[in-house]
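Both complexes below contain chain A, partnered by chain B and then by chain C.
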Partner chain A sequence: MRPALHAEWTKLRTVAGPLWLLLGMIAATVALSAGATSVVTCTSADCGGDVTRLSLTGVQLGQAMVAILAVLVISGEYSSGMIRTTLTAMPHRATAFAAKAITLTGVVAVAGTTAVLGSLLAGRLILHRHGFTAAPGHPALSLSDGPTLRATAGSILYLTLIALLSLGIAAIVRDSATSIGIILGLLYLLPILSQVIGNPHGQRLLQQIGPMSAGLAIQATTNLHSLPLSPWAGLGVTAGWAAATLVAGGLLLRVRDA
Partner chain B sequence: MSAPGIVVAGLRKRYGATLALDGMSFTVRPGVVTGFVGPNGAGKSTTMRVILGLDAVDEGTALIEGKPYHSLRHPLSHVGSLLDAAALHPSRSARNHLLWLAHSQGLAARRVDQVIEQVGLTSAARRKAGGYSLGMRQRLGIAAALLGDPPVIMLDEPFNGMDPDGIIWMRGFLRSLAAQGRAVLVSSHLMSEVQDTAAHLVVAGRGKAIADAGVADLIAAASGGRVALRTTAGAHAMRVLAHAGATVAATGRDTITVSGLPADRIVMLLSESAVPFSEVSAHRATLEDVYQELTREAVEFRAATPTEVPR
Partner chain C sequence: MTPTVTPYRSGRPVGRDGFFQLLHAEWTKFRTVPGWVTGVVVAALMVVLVALLAGVSSNQKGSPPVPIGPGGEPVTDSFYFVHQPLAGNGSITVSVPALRSSIPTGPADLRPGIVPWAKAGLIIKQSTRQGSPYAAIMVTGSHGVRMQDNYVHDTAGLPGSVSAASVRRLRLDRSGDAITGYASADGRHWTKVGTVHVRGLGPTAQGGLFVASPPSVHGMGTRGSVSTAVFEDLRTHGRWAGGIWTGDQVGRKSPSFAGYPQNTSGSFTGSDGSFTVTGAGDIAPAVRETLPTGGTLKDILTGTFAALIAVIVVGALYITTEYRKNLIHLTLAAAPRRSRVLVAKAVVLGVVTFVAGLAGAVVAAPLGTWLARANGVYVFPVASSTELRVALGTGALLATASILALAVGTIFRHSAGAVTTVIVAIVLPYLLIANPFMPASVSDWLTRVTPAAAFAVQQTLVPYHQVTSIYTPYNGYYPLAPWAGLAVLAGYATVSLAVAAALLRRRDA
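Coming up: the complex of A and B.
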């Protein structure tokens, strides 16, 4: 396993694409979060709203770049034919696939932590200037606050789960463009679909099974009872998606001709 | 090394309606270059993918020094292979491409620089492989195959895209690998590319090995005791020799190929009948002839449509 991990890490760090995608992800996440927090102001006491969740809005954009990186880790090899070189060097396919998953998790966790903490910091600074001060009852965002800590750590976990879900789908589909299409559809189309559905039961169900709508429940810090799922259960749904696609992708990688 | 390099036995594989491999069997021995020739679609690349465990077969076994590929712990130190020189990330440098491969086998970076020098890519090693010519990519692929210093080397069409200098280099290189005691399997759809390099030939056609023999034996068999005759009185000579029981065929404006009679008897018969001739020599087939003869059926089969061909 160690040589396989070393090989995958060398692959990731010796082309510019992954680094730029991760830097782009951090920039996009922080920028969107900062943008979302800068449009709200508070002039009275009790402005309401979930400011923690608001400061983590950027994750909804950053996840797209995480998904693209994850897809390229395996589909990129299929399009060039390099997957054959990889599997010739590492004929134990489960090990080769696990090595890809682990290195991807590692880099996404590091970049995700930077992006999420950056968003939180930006939110803290911007919200303070926009009247969300301790005086009207809005203490600054802080990781010492239980729900905020959970939302922050959960957002980082969420990004790594999206990476694994994307890796799994790419291993099943093998084509980069198709994989990215499917993943973006799963993430962004399901929430839109749930909005246009008239039936409230169907709406709730879609929100509960969508990997993004369910998973991002982890960012909520207020009005938890109105969520379609509790925060950890929601993240559990995303984890379920990741596990299912990883297992399916891994099995297909083992049985299919390369 | 007593176990033969590669032993392929009874491989059978079907892709949908096409039978890609139909009982492919052969052995690649250490110390010689084995040429793996046959028309496109004869099953050469499929066989190589099966040997490397990339494709599964319906039947049969492929063993490297007695073991299936997937059971090899650091496979690149058992078999070095080059299937597709274009199969790399275009924006990764050649050196980094070899580096990740080395890391996958627990090999040090020092080994990467050694193989880069061995194939003559030192000055280009830090350039992006996407900018390489096909000939340079072939060299890079050879470097990858040598990385683990394996006793078995397997290359699919390594001459593709090489300039004449590269082809000469490749031939010498393959021979030196065999001289070091390695088993070397080299595929090509052009006999001319392997004829000066290979000492043993596996000829593939329609998914099986239709010949598996030494180059000298194949040429002797194809020559078949025929005699080439040069004469200006072709018609007369053919009449005389056919009368004596030989099979004759005009092969040129003043050349005739005779089989069924030894050369000295032909000279005697022609002299007795006062037929003028300028040259009598034992006909020696070329490898190209051998190849044409062996693969004719396979090529015809592929050219024809599945339904009856009108003649």
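Coming up: the complex of A and C.
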């Protein structure tokens, strides 16, 4: 396993793309979060709303770049033919795939932590200047607050799970453009499509099974009863998606010709 | 003596490198890749499938019918009406010294507030049936005296709000189909506000006093308000039934009326020409916020989002596959004028995706509407010209998005990055405006400058100045006109195509 991990790490490290993608992910996440918090103001006594969730809005954009990175880790090898070299060097395909997943998890977790903490910090600085002060019931965002800590740690986990989900889908589909289309469809489309379901139960069900609509429940700190799922159960749905696609992708990698 | 070598010449005629040949070549490439054809077919099918899903998943059978105005549009027609029959012609005059509104700030906690379109005045209406034709003259919370008829028409009269110091006197005069409204500040000098012709009032109409109080908008939500008006010096001329005034809540149960605030109700007290009337509701066209159960054509065509993802993938692959398979070398060797290759690709892709989007919308719109109506859902009506615009616009939206993906794919030469960029640019702003936290100004800005502005081409709802409501893109009201919104996306596509052409010419393939 160690040589496989080393090989995957070398592949990620020695190409400029992944580094730029991760830096871009951090920048995009923090920028969108800062943008979202800088457009709201709290003037009245009762602003309502979930400022923690608002400060982490950027994750919705950051996940798209995480998905690109995850797709390129495997589809990029298929399009360049590198996959044949990889599998010749590491004939035990499950190990090679696991090494890819572990390396990806590591880099996304590090970049995700930076991005999420950066967003939270930006939110803390900006919201304070926009009237969200302790007086109307909005103390500054802080990791010592239980729900905020859960939202922060959960967002990092969420980004990692999206990377694994994307890796699994890319292993199934192999073509990078199609994989990205399917991943972004799963993430962004389900919440939009759920709005047209007239039946409230059907609508809730669609929100419960969507990897993004369920998983981002982890960011909620207020009004928990209005969520489609409880925060951790929601993240569990995303984890289920990631596990299912990883297993399917791993199996297909074993049984198909590369 | 040097031998003469005749160079080999192929017997085939020399190929021409005209634009038509390029188009033909690109069309051949497109139709012979099964994945791309499947992608475009999937796009059209997704539009239809989601419309089917939207149609069958909703069930509102048995809900009270939506009141329909004389023009066929959905209306709110719920107000407190103090009335008696008027046979034939006649007139009615009253003075209004006070109109006060209250807005709930919590459960059972009413506070005085300003409801800009709270209405109190005189009305002559065919009957107490919701949606029946009428004409009315009224004082309003902060829009002065207005004359309104048949829900959608509104004429301004004397400005200024009403108080004991500035009493407003109103008169309504029926003569056949013509109803004339007058207003006066002192009871001596009367100004004509307007004359309207109301068809279908019938020989005996209902006339009298009314009070309405539409929901008050607070941020991204509304709260039902209630208003009370004081009427004095009520005088009638003509063939009125005389004597007894009857108080009725018109449209008590209606999909376009949320009801009274807690612990309040409509009422009237008084006699001898002096009355105090309390009412809630509105007499106005229904909008998305007042008719939350209503569906729109845009909702039915939500599958456009799925179709967009499919055509964006195809659009990006149309060029990036050439790079991946090195076909681009052959393409550019055969057609050395590189920009024309890009234009030919854009034309083929645009036509194919336009046809797919148009076909999807043409099937989906009537099918989804029919299914939704069969399940008792009220769908906001649209003119056939609007329906045509939405169908053509859906096709154009898909075509423009796929051309944008083609251009970005040419710039990036990597499909994953290109697909993500275009999807995120179009779909993410839409997700952001669906965030209830987003202030209306930001939603407006996002749907003006980002590629998501193009969804304006599918809007069918029209805002009314005389109805205060939440006119946000999320509710189906876009800041840009339909084709102007599409032009924003087209602008992005054109600029990207120009950059792509320049890069294609300058870079080695």
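Just a few scattered comments:
In this section, the second predicted complex is superposed on the first by the 258 of 258 C-alpha atoms of A that agree within 3 Å, B and C clash if a C-alpha of one lies under 4 Å from a C-alpha of the other, contacts with A are read in each partner's own complex, and residues count from 1 in each chain.
Going forward, a residue touches a chain if its C-beta (ideal position, glycine included) is under 8 Å from a C-beta of that chain, and two chains touch if they have at least 3 such contacts.
Everything numeric in this text was worked out from a predicted model, so none of it was measured.
Taking chain A as the reference chain, the count of touched residues is higher for C when chain B and chain C are set side by side.
By the document's definition of touching, of the two partners only chain C reaches A:Thr57; chain B does not.
In the overlay built on the shared chain, the residue A:Ser79 is in contact with chain C alone; chain B does not reach it. In the superposed pair of complexes, A:Thr10 makes contact with chain B only, with no contact to chain C. In the superposition on chain A, contact of A:Ala122 is made with neither chain B nor chain C. In the superposition on chain A, A:Met90 makes contact with chain B only, not with chain C. In the superposition on chain A, A:Ala177 makes contact with chain C only, not with chain B.
Residues 76 of chain A are contacted both by chain B in one complex and by chain C in the other. Interface of chain C with chain A (complex): residues 35, 50, 53-54, 57-60, 295, 299-300, 302-303, 305-306, 309-310, 312-313, 316-317, 320, 324, 372, 375, 377, 414-420, 423-424, 427-428, 430-432, 434-439, 441-442. The touching residues of chain A, counted against chain C in their complex, run 36, 39-40, 49-50, 54, 57, 60-61, 64-65, 67-68, 71-72, 75-76, 79, 175-181, 184-185, 188-189, 191-193, 195-199, 202. The touching residues of chain B, when paired with chain A in their complex, are 49, 52-56, 69-70, 72, 74-76, 81, 83-84, 86-93, 96, 99-101, 103-106, 144.
On the side of chain A, the complex with chain B involves touching residues 2-4, 6-11, 14-17, 76-77, 80-82, 84-92, 255, 257-258.
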